[in-house]
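Each of the next two complexes has subunit A plus one other chain: subunit B in the first, subunit C in the second.
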Partner chain A sequence: MSANTIDKPTAVRRRPRSESSQTGGRSELKVALVFIAPALIGFLAFFVYPTIRGFYFSLTQYNLLGTPKFIGFDNFVKISKDPLFWNAMGVTIEYVLLNIGFQTVIALLLASLMQRLTQSTLLRGALLLPWLISNVIAAMLWFWLLDYQIGLANVAMEWIGLPKVAFFANEFWAIPTMAFVNVWRHMGYTALLIYAGMQTIPKYVYEAASIDGSSEWNSFWRMTMPLLRPVLAMILVITVTGSFQIFDTVAVTTRGGPVNVTRVMQYYIYQKAFGEGQFGYGSALAVVLFAILAILAAVQLRMLRAGESDLG
Partner chain B sequence: MSGFTRKKAGAAIAAFAAIAVSLTACSGEATPSASGSAPAAAGKATGEINYWLWDNNQKPAYQQCADAFKVENPDATVKITQYAWDDYWSGVTNGFVAGTAPDVFTNHLSKYPEFVTQGQLVSLDDQLAADGVKTDIYQKGLADLWVGQDGKRYGLPKDFDTVAVFYNKKLLKDAGVAETDLANLTWNPTDGGTYEKMIAKLTVDASGKRGDEAGFDKTKVKVYGLGLDGGSGGGNGQTQWSMYSGTTGWTFTDVNPWGKHYNYDKPEFQGTIAWMRSLIEKGYAPSIEAVTGQSSADIFGASKYAMITNGSWMINQMFSYKGIETGVAPTPVGPSGKRSSMYNGLADSVWAGSKNQASAIKWVEFLGSAACQDIVGKAGAVFPAIPSGTDLAQAAFKAKGVDVTNFLVHVNDGTTFLFPITDNASQVTNIMQPAVDAVMTGKAKADSLTAANEQVNQLFAG
Partner chain C sequence: MTTIEDRALANAEQRQRRRRLTPGRIGAWVAMIAFLALSIFPFLWMIRTAFSTTRSLPSDPTSLLPVDFTWGAFQRVLGLGTQAQAIAEGGSGASVNFWRYLLNSVIYAGAVTVGQVFFCSLAAYAFARLRWPGRNAVFGLFLGALLVPPIFTSLPNFILIKNLGLLNSLPGMILPSFLMAPFAIFFLRQFFLGINREIEEAASIDGAGPWRVFFRIILPMSTAPITTLAILTFIGTWNDYFWPLLVGNTENTKVLTVALGVFRSQTPAGSPDWAGLMAATLVTALPVLILFFAFARKIIDSIGYSGSK
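This part shows the complex of A and B:
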């Protein structure tokens, strides 16, 4: 993934370049291209081309069935003054902070437990179960469980004397609830990725530590965490990017309402582009989100020094 | 939302496709000439005609219509495809862009103005005239809805719907209310009239106290006197508040269809919304937060609502809950001295890109004829647009034990008003939904709707 692409240049530089390996490379190029072609064609047709089109549409006024009219950066000027955009930004960031915060901490905990406590494949498999459920099903399931009037949670809360809560639509609880639903769905998967990262940390490090009398707590903070850093960086980039694109949970439950409480960025883009047919403005919003995600990914990789390991 | 939410403004938001933006890459190719009139074709229909609809319950009836059509036009075959509401509109819009839309499709008032503007629909006038098809055979007003701003006709009416009050017979009995007591309730925006008194009486808290009794705890309501259909209703409130605002003399727009100015700044409208808010505050109706995204019919089916206002397309579902005995009461009489209901009609339209336009229009003519609408009426799912079909539907519902008189009372008494048809429908929805939500959640006062109204009217200024 991203971590690897940064790794590569150093790896290539270290390798001595001889004449023979270069000519060999050229003759292998054709074969390589044949193998790469299926993926490359898909990448060009379904990613690169639409992305370029999207950038172009963001500079136009474009109705779904009309022809795009070039208007320069007008869409972006409009976005900067659009209160709904800023609201969507705020709502989305709140969601991402809650979602990623809880998800990462819980997944780390689960991964440590998997590594240090149990080797049971059954237990590890069970952790993955929520991730095997489709997003829409998971959202609907929790939507019913947490329904204000007939949801199990509210009935139980009322029974022990707590006030009922409209989890999915209450101004305070709506975004935390959606963040929680997706933490529930993704924590097992994230834990598995972290666990895989932990497996790469050599056992002798821990053996040495235990000989030196290091406690479990100390070993975790002083060794596991630093050595896990490159893997964690990659996981964060993937999960943060995914988290910013929260859409389905909102689309099948509250549809952005009530008022603007759950109108996240992706849902706002969808409303503008597909609901109101304003493809130019929708594309411009998508470009803004793209830029934010690209910057965030770069910042995360740099700050976490994802390209280098403390091992070795 | 319920499975079959055909008229919700909220659903209009999902009008267009859930396809990736990339799909639009192939736009521009199949853009047919704007509203080109089809050549008048005498004789019979030929070839394959693709027909789409979204209500699965009606598919068998329309298949019967297709079979009858085939008898008259042996060389033509109608292929019927059904998609659920959301997929349906994605499919239609994608089809326009990709050139694969159906020849004929069931159309909705909230969609068709934009389709006309985009030049996707064929005007039917010339061929209807050539074939001698009359458009005055339908229930009053329905045919006019489908004449565009250019004076051309873009659809022939197929069915219509109105709004009434569904009630839970057992919950009425528990309150000591006779079913006939619901027949003559009155409403006003100031104190809600006898209608609000009834709602209060039907509301029960956890300790069994009723809404009109001392010591009623509005924070622990077990049964709401009046349910709320999935939200605030946004800018049209078809099943939420339009049956009240309609009795105040208030109209959505300056003229309808094709208004250019909305009236959300008028005190009659704002008073109605304020009254809705007061019901929620008093604990007689559920909060917006509690019902957002919910299927109101299912909550009714769980005996949480004594009454709920909803549309005639919900009849079969509202009567389908096991162990729940449902009844239908008329909406209350308001300040105008009359009842009121929004009146929404569907029609069949022909796509401008159809390769078989003359035959497609023949099929629309047949769908709009008494021959087909009587078949649909007998199926007892919706009210066909032709009075004879409506009567057959009423009889079919009666055979199932459902009395639909209180839906039809609006048509018989002439107390219907038309669904507001204007340009910019989806943008109006996206402005009004949060604005009305805000008032009904108590975040804003009703006069804040004046500012939203200005925003809406600006859409028509440019």
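This part shows the complex of A and C:
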């Protein structure tokens, strides 16, 4: 709309810039410092400082009241022999595999359906609803829907003739149930991310394929998936990282129980650091979790060759 | 970025496709509708339960309509009804400080949003437009903060807030996210980079300094992405649970999510007050849902963008 009014003076006014860049341009360091000062303070105080301190705390014995006492790598030695840590690790990995496995497959399916059927914003909005509410609310809602006594799911199962299941209180079902709740909350959101990635695949790729007589099933595996790889890699890194940090759902429903079957890593860290006042040990656990996430992210990005595209 | 012709072409193509209703297409629609139902139905069930009487729920657990319709659950949550009435309907009778929690949530999410969006837009401008040595290196470092999992920084941040004497206070809850969030800076920088430079240069030739350019030109031109970012930040902060639980778990500082966790355990042994719980979750979710209905397009469109970071 205002393109004309802007374009005209351009020719005249372009000169000052090229002049200043020829002379190296004056640095705007002083002004820039003022502009980034608040963010820089926030970054140093609440990201850099705690990161360094987190590593330090992991090498100490610290009960929150006294001062941290340096004990070298004792916490990590203790962790390697801590059955509850290995239990938490196993439980968390089981959760992540179920959560990410189902979530990614369902989201891919949903995104393909959206791609084929409709671009309706209303429909995308409806699929996004579960993502908008907090983990706490999603957990409460399903805690009610899956209640053993009068939850709708169990009443329906009984009606069909299936045995009732105490989803959150059952040692076998507790983790799959948590995974289900979070798949429910994230499937629409993840589908929209994938859908956005699919929009970047040029139409001519598909046109060429259909001229060559490729079936849609073939096109999906031979073209959509490979071309989606960079997007999918990023989505996987983000969702896996998030999935490993499951806490809210556990904290408001089972609190680690029954027995230890839902004591996931972050909940175990929380219990150690705040419940039992072993802050140094909790910090060491957090370092282990951090390391695992960093390694996983690197491995995923490498395996999925996220940086490269197969498109020309 | 699609041109009108592109869109027209796509529409025509769609219409053409819609005409052929193959078995595959029918199957696809069935699957889609199933997923839609799965997404929406739990919300309807939440509403249905919130308007029911807890004591009557077991008598008709599958009724699609509220069982024994009542506003009682909402009155319990909002502290409007009498204790006797609450107990008669199946509530615990314990008083809930709902308005306090609501106010805390509004202050917490509101302050974080305002601070974060404002300070990050300043920083984003310095990264997108101002020329200074080390700019890209510092930006890279800022983005690096995205890689550190929140649980890792939460523990030392808890100590820091405690040492500052801000434990169990709203400022203590707000402070760590008030000044910066890597994603916010990244999001706004991308947008600022896309603004036509000529406009700013014209202004600076007319004698406007960087502050004037920022407040008079950049900010007014960026209301759309700033609104989107503000909404996303507000929703995310409103839904926060872990951090407010760590540093704000007292009666005076509890936010709604933290209070909800308590609401569940407060119910006496035996059957929980499901209607009260669902009414509480509904009221807690309401502000976010209203925001979503008001800005659905912006939020939905931003998702592809934020995902491709």
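Heads up, the rule we're going with is that the second predicted complex is superposed on the first by the 272 of 312 C-alpha atoms of A that agree within 3 Å, B and C clash if a C-alpha of one lies under 4 Å from a C-alpha of the other, contacts with A are read in each partner's own complex, and residues count from 1 in each chain.
Rule of thumb we're sticking to: contacts are C-beta pairs under 8 Å (C-beta built on N, C-alpha and C of every residue); 3 or more make two chains touch, one makes a residue touch a chain.
What you are looking at is a predicted structure, and each value in this text was computed from that prediction instead of being measured.
A.B. asks: Taking subunit A as the common reference, can subunit B and subunit C both be placed on it without clashing, or not? Answer clash or fit.
C.D. replies: clash
A.B. asks: Report the partner of subunit A that touches more of its residues: subunit B or subunit C.
C.D. replies: Ranking subunit B and subunit C by residues of subunit A touched puts C first.
A.B. asks: Pick one for A:136: touches subunit B only (first), subunit C only (second), both, or neither.
C.D. replies: So A:136 only meets subunit C here.
A.B. asks: A:166 in the overlay: touching subunit B, subunit C, both, or neither? Say first, second, both or neither.
C.D. replies: Only subunit B; A:166 stays clear of subunit C.
A.B. asks: Looking at the overlay, does A:49 come into contact with subunit B only (first), subunit C only (second), both, or neither?
C.D. replies: both
A.B. asks: Intersection of subunit A residues contacting subunit B with those contacting subunit C?
C.D. replies: 46, 49-50, 53-54, 57, 64, 143, 147, 149-150, 252, 270, 273-274, 279, 282-283, 286
A.B. asks: Can you name the residues of subunit A that touch subunit B in the complex?
C.D. replies: Going by the criterion above, the answer is residues 46, 49-50, 53-54, 57, 63-67, 143, 147-150, 158, 163, 166, 168-171, 252-255, 257-260, 270-271, 273-277, 279, 282-283, 286.
A.B. asks: Across the complex, what residues on subunit C touch subunit A?
C.D. replies: Within the complex, subunit C touches subunit A at residues 10, 14, 24-25, 28-29, 31-32, 35-36, 38-40, 42-43, 45-46, 49, 57-58, 61-62, 119-120, 122-123, 125-127, 130-133, 135, 138, 141-142, 145, 147-153, 155-157, 159-160, 175-180, 182, 185, 196-199, 201-202, 205, 209-211, 214, 235, 238-242, 245-246, 257, 260-261, 264, 271, 274, 277-278, 281, 284-285, 288-289, 292, 296-297, 299-300, 303-305, 307-309.
A.B. asks: In the complex of these two chains, what residues of subunit B are touching subunit A?
C.D. replies: Interface residues on the subunit B side: 10, 12-22, 24-25, 27-28, 31, 93, 96-97, 114, 118-120, 206, 219-220, 231-232, 286-294, 298-299, 302, 304, 426-427, 430, 433-434, 437-438, 441, 443.
A.B. asks: Going by the contact rule set out above, which residues of subunit A touch subunit C in the complex?
C.D. replies: Residues 6, 9-10, 13-14, 16-17, 25-29, 31-33, 35-36, 38-43, 45-51, 53-54, 57, 64, 106, 109-110, 113-114, 116-119, 121, 123-130, 132-137, 140-145, 147, 149-152, 155-156, 159, 184, 187-189, 192-193, 195-197, 199-200, 216, 231, 234-235, 238, 241, 244-245, 247-248, 251-252, 266, 269-270, 273-274, 279, 282-283, 286-287, 289-290, 293-294, 297 of subunit A touch subunit C in their complex.
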